[in-house]
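One chain, chain A, links the two complexes that follow: it is found with chain B in the first and with chain C in the second.
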Partner chain A sequence: MPPIAWFALRRVGHGVVTLWFAITITFLLLRLLPGDPATAIASTNMDATMRQELLTKYGLTESLPVQYVKYLGQLVQGDLGMSFSQSEPVSTVLMSRLPWTMLLTGSALVMTVVIGIPLGVAAATHAQGALDRAVQVIGVVGQSLFVPSVGIFFLYVLGLKLQWFPIGGAYDENVFGAAWYLDVARHLVLPCLSLVLVSLGSYVLTLRSTLIDSLGEDFCVLAHAKGTPERVVVWKHGLRNALLPTTTLLGLQLGFMVGGAVLTETIFAYPGVGREIYESVIRLDFPVLQGAFVLLALTVVVANMLTDLAYGLLDPRVRNA
Partner chain B sequence: MSSIVLTELETEPVAAQESAGGATWYAFRTNPMGVAALALMLALLLVGLAAPLLAAYPSGFTSDVLQPPSTEHWFGTDNLGRDIFAEVVWGTRISMTVGVCASLLAISIGVLIGMLGAYFRRVDTFLGMVVDLSLSLPVLPLMILVAALAGPSLGTIIMVISFFSWPEVARIVRSQALSVVNLPYMDAARVLGGRHPWILRRHLLPAVAPVITVTVVLTASRAVIAEAGLSFLGMGDPNSWSWGRVLYESQQSGSMTSAWWTTFFPSVAILLLVVAATLIAIAYNDARNPRNRRD
Partner chain C sequence: MFKVYPDVNTEILALKKGDVDVIANALPPAQVKDLKGTKGISVAEVPGLGFTHMTYNMKRKPMDNVLVRQALAHAVDYEAIRAVAVQGQAVTANSSAITDTLKEFANPSLKEYSFDPQKSKALLAQAGVKDLKLTMIYSLQDPVISAWSSMVKDSAAKAGITIDLKGMDRNTYLAKTVEGDYDIYAGSFAIMDEPVSNMSLQYLPDGAINYSQVNDPKLTKLIQQAQAAVDPEQQKTLVQQAAAHVHDNMIDNIMYVQNLNVAHSSDWDGFVVKPSELLSIVDPASLANARHK
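Presenting the complex of A and B:
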């Protein structure tokens, strides 16, 4: 088998294991925690027969291993159960929401990289200068921001006071055609900006330190010595090598960013999975909460897998490791 | 670990060069950024401890609804006319409690798992895998699920946060412990006939203790953020004030769109705490790294 195929296979296997782990954790947590789903569904004062009926309906009377196998089987078929409050399959509820969350986190991720790379490069090439100091301060403060605080700030200043952007929803009802895409983009600005601001700090700081290390290595010193222009040394020799650890970090941050999306969507009433989570918390709709986590975990795992595969194709060190 | 911290604090500047801990403390004290951050953190702790002396517990409602900041209400009032200064002060108490308790729990689990992984190589693959897997998952939705099921209370919040924060600690402790387990003094301890628990406690733990000091601050600040996030989504303890709950009430009542002070002050409180924690960690790392020291 060629090494690339072997690498891809291993990586996909790793993704599957991660997902299995996520699913098993939720299953165990839900079954082993003191609160039982039946008491959660209806009020505590329902009578015993009703309770038994509910438990049977949701398959909670069988032994744990049987429940587990059934649960896995359902998940493989894409069945996440029925929503308590909306009498619709959880998958239907969530799949209409998922594209919005993917749009939000995806564009935030792209923006982080697009803004982060020039900032990180500028800081690394002017290490210890005023610009570097400024970037470091921004990085530390950015890392320390609380997503809802940033979201509320943008909503208040850019949305309400300056009226530059809409403050809620993902699009207006009566806009069609090409204008619709523009409208979606306008609604995306504030939630996306909030997420970018929060994730930018650690991205820039990591890129800065890895780039400084990489510029100090022999191959960069040599490139310098043989008269390669500074710009080429930094952007071609240094940055390409510094991007690997930074991209790995970005993958790790994706889980954090999805959490941030839950909070931002809540503030901006953005119709993604996060807003659904918020609404399900109020209604104590556990199947939706559980399904939302599984779905978000799946998204993160797949995104991480694709990044790694792409990187494996570009960088022989990764696929041969 | 406690004995190490004590020696750090008790060492006089003259004797500073004698022990590594003393030198670190000396370097930390001469870094204005670190001292300022530490002072800020202590001030916040003090506010939390002295909450009953600073403000009356915010409860009930008054007719002074949504008043902007004034000499009477420094931070203004919320939609039920409660004083936001009082809410933020009492919130400091709860947020700090959650931060400290959750981080202590998370660190105990993380240190144990991290050390066991580095020391007993046979369980390392498994423990390492669990840590890696938990780190790559979106934790907040999982915390929400568990907190919703267990019912919102301070205890639940602390348990949930620590349960999902230890992998980060375990990862850091493990990598530090790995660099130590093969050193000659560890072999010597084994040759002497030392039992595993004794070696782990007396030889491995002191070696990883400095890393733990940094993680305490960082894990606590992350726990505060996590608590604020959960409270903001309505998963907080409805009977106690935390910074996240002030934001939650402002969002729920819609006053966040009309009264900036209902969200501004709790946000600043969160920012101050996390920035202080981050700066303490940076200053401590700088102080511990002899290459950065001028002494």
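Presenting the complex of A and C:
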């Protein structure tokens, strides 16, 4: 089997083990919390018979190992259980929300890369200059920002005072047809901007640092000596090596963004998985929380697997190891 | 059309911008003052149907002693809590389980326990209790109670009572409440609109929200008689007697009734605001009565 295939197989294997671990932790955490879900899902006026019926309905009367095995079996079949509060399959609840979260985090990730790479390159190629210092300040400030604060600030200034963007939501219910897509894009701007502002800093600073190191390596010095244009040295030779650690960072950032989406979607009333998680915490809807955590874990594991595979494609030393 | 905003700050910005005409939920105290001063926004205030209270677990010593409970009640600065933590948006409940919002059933003879640390000390001495140390549970999801919990601790300290605050997430709080695993419980009831049912749930031994863990034969008898009464005046008298019994024996420390503040665009009027978070400004009667100016 070719090395790249072995590499891919190993990474998929690691991913499956990581996912199983995340599922198990999620399962145990929610069941080890104080109180039983019956308290959360029904009135305190509930009598003992009703409580028992509810617990039985949601499979909470069986022993923990039995619940665990049944839960794994259900997961394999794509059954995430029933929402306590909405009496709907959890998979239906989450799948209706997932596209919005993917739109938001996907857009934020793309914007982070599209803005981050040129900024990082500019900072690295003007190291210690005014531009570099400005980028470093922006990067550090961005890392220090708290998504809800940024979100409220944007809503206040850009939404309320300047009236440039709508306050919350993903679309206007009174817009139809082709205009709807533009409306969705307009509603996406502020939440996406909030996420980008918070995640851009670490990306730019990491890229700047790794690119400065790359450009000082012998192969770049040789390229310069051979008369290779500066643009080619930076973008073809230096950047390809500098992208290796930043590619890994992207995978981690996706996990951060998906988690950050909980706060962002709550502030912007964006109808994604993150907001569903927030509302499920309030409603103590354990099956939805459980399903959402599994979904998030799957997203992060897959994203990291893909970045590892991309890393292997970029760096032959990794895939041949 | 109903729009759902999980965050209160966002919904207020939406009202200010004009994306929505009315906010259905009651506003947190911290936001009311700002909105009252905003052009184009009207804020209506009504006394709530519920109340905020602390209960002292009567199944645990020394809270089974009425003198200790009264001492605890006199160690709370109710005025300061209403002024500071609730920002003046609450009224006294006269330490009565039947508040003035239910005027027909309220007992006019009941007055709020005074904040008197010296009296607390004297009552504790009379009860033979020294170095009283208690834990108080409350939900961290309630920002108002979270705000005044430290005030309760500080004022109790003036009476020589040590209160260990245990703020916790809602599920843990509910679990401890159901199990009766607390010395002092702090919480709120939003809708207390039917006096007899409410008294039954709160103060009968098997009551679902008997957070005082009370089992008082005299109180039980009064409530059961009120349940069985067919004459409205007789029922009212029994409820008032039961409320007086709860008050005098400090079975439940009713601290205040928080006013509900609801906001809407000044372009609309005619809303009929109900004193209930379940109905508030968006009940059918209110919406049917609303008119665009």
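The criterion applied here is as follows: the second predicted complex is superposed on the first by the 309 of 321 C-alpha atoms of A that agree within 3 Å, B and C clash if a C-alpha of one lies under 4 Å from a C-alpha of the other, contacts with A are read in each partner's own complex, and residues count from 1 in each chain.
Methods note: contacts are C-beta pairs under 8 Å (C-beta built on N, C-alpha and C of every residue); 3 or more make two chains touch, one makes a residue touch a chain.
Predicted model only: the values in this text are computed from it and were never measured.
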Would you mind checking whether chain B and chain C clash or fit side by side on chain A after the superposition? clash
For A:Gly251, is the partner it touches chain B (first), chain C (second), both, or none of the two (neither)? first
Contacts for A:Thr26 in the overlay, against chain B (first) and chain C (second): which applies, first, second, both or neither? first
Quick one: is A:Glu279 in contact with chain B, with chain C, with both, or with neither? Answer first, second, both or neither. second
Once the structures are superposed on A, label A:Val12 by its partner contacts, choosing first (chain B), second (chain C), both or neither. neither
One more residue to check, A:Ala292. First (chain B), second (chain C), both or neither? first
Quick check on the superposed pair: does A:Ala269 touch chain B, chain C, both, or neither? Answer first, second, both or neither. second
For A:Gln163, using the defined touch cut-off, is the partner it touches chain B, chain C, both, or neither? Pick first, second, both or neither. second
Figure out whether A:Val302 sits in contact with chain B (first) or chain C (second), or with both, or with neither. neither
Is the number of chain A residues in contact higher for chain B or for chain C? B
For A:Glu173, using the defined touch cut-off, is the partner it touches chain B, chain C, both, or neither? Pick first, second, both or neither. second
Dual-contact residues of chain A, meaning touching chain B and chain C, are 33-35, 40, 148, 152, 155-156, 160, 167, 266-267, 278, 282, 284
In their complex, what parts of chain A are in touch with chain C? 33-36, 39-40, 43-46, 148, 152, 155-156, 159-160, 163, 166-169, 173, 266-269, 275, 278-279, 282, 284
Chain B residues within the chain A interface of the complex: 129-130, 133-142, 144-146, 148-151, 221, 225, 228-229, 232-235, 247, 250-251, 256-257, 260, 263, 266-267, 270-271, 274-275, 277-279, 282
Within the complex, chain A is touched by chain C residues 1, 3-7, 9-11, 13-14, 16-17, 19, 141, 170-172, 174-176, 178, 201, 208-209
Chain B-touching residues of chain A, taken from the complex the two chains share: 17-18, 21-22, 25-26, 29-30, 33-35, 37, 40, 140-141, 143-149, 152-153, 155-156, 160, 167, 251-252, 254-256, 258-260, 262-263, 266-267, 277-278, 281-282, 284, 286, 289-290, 292-293, 296-297, 300-301, 304
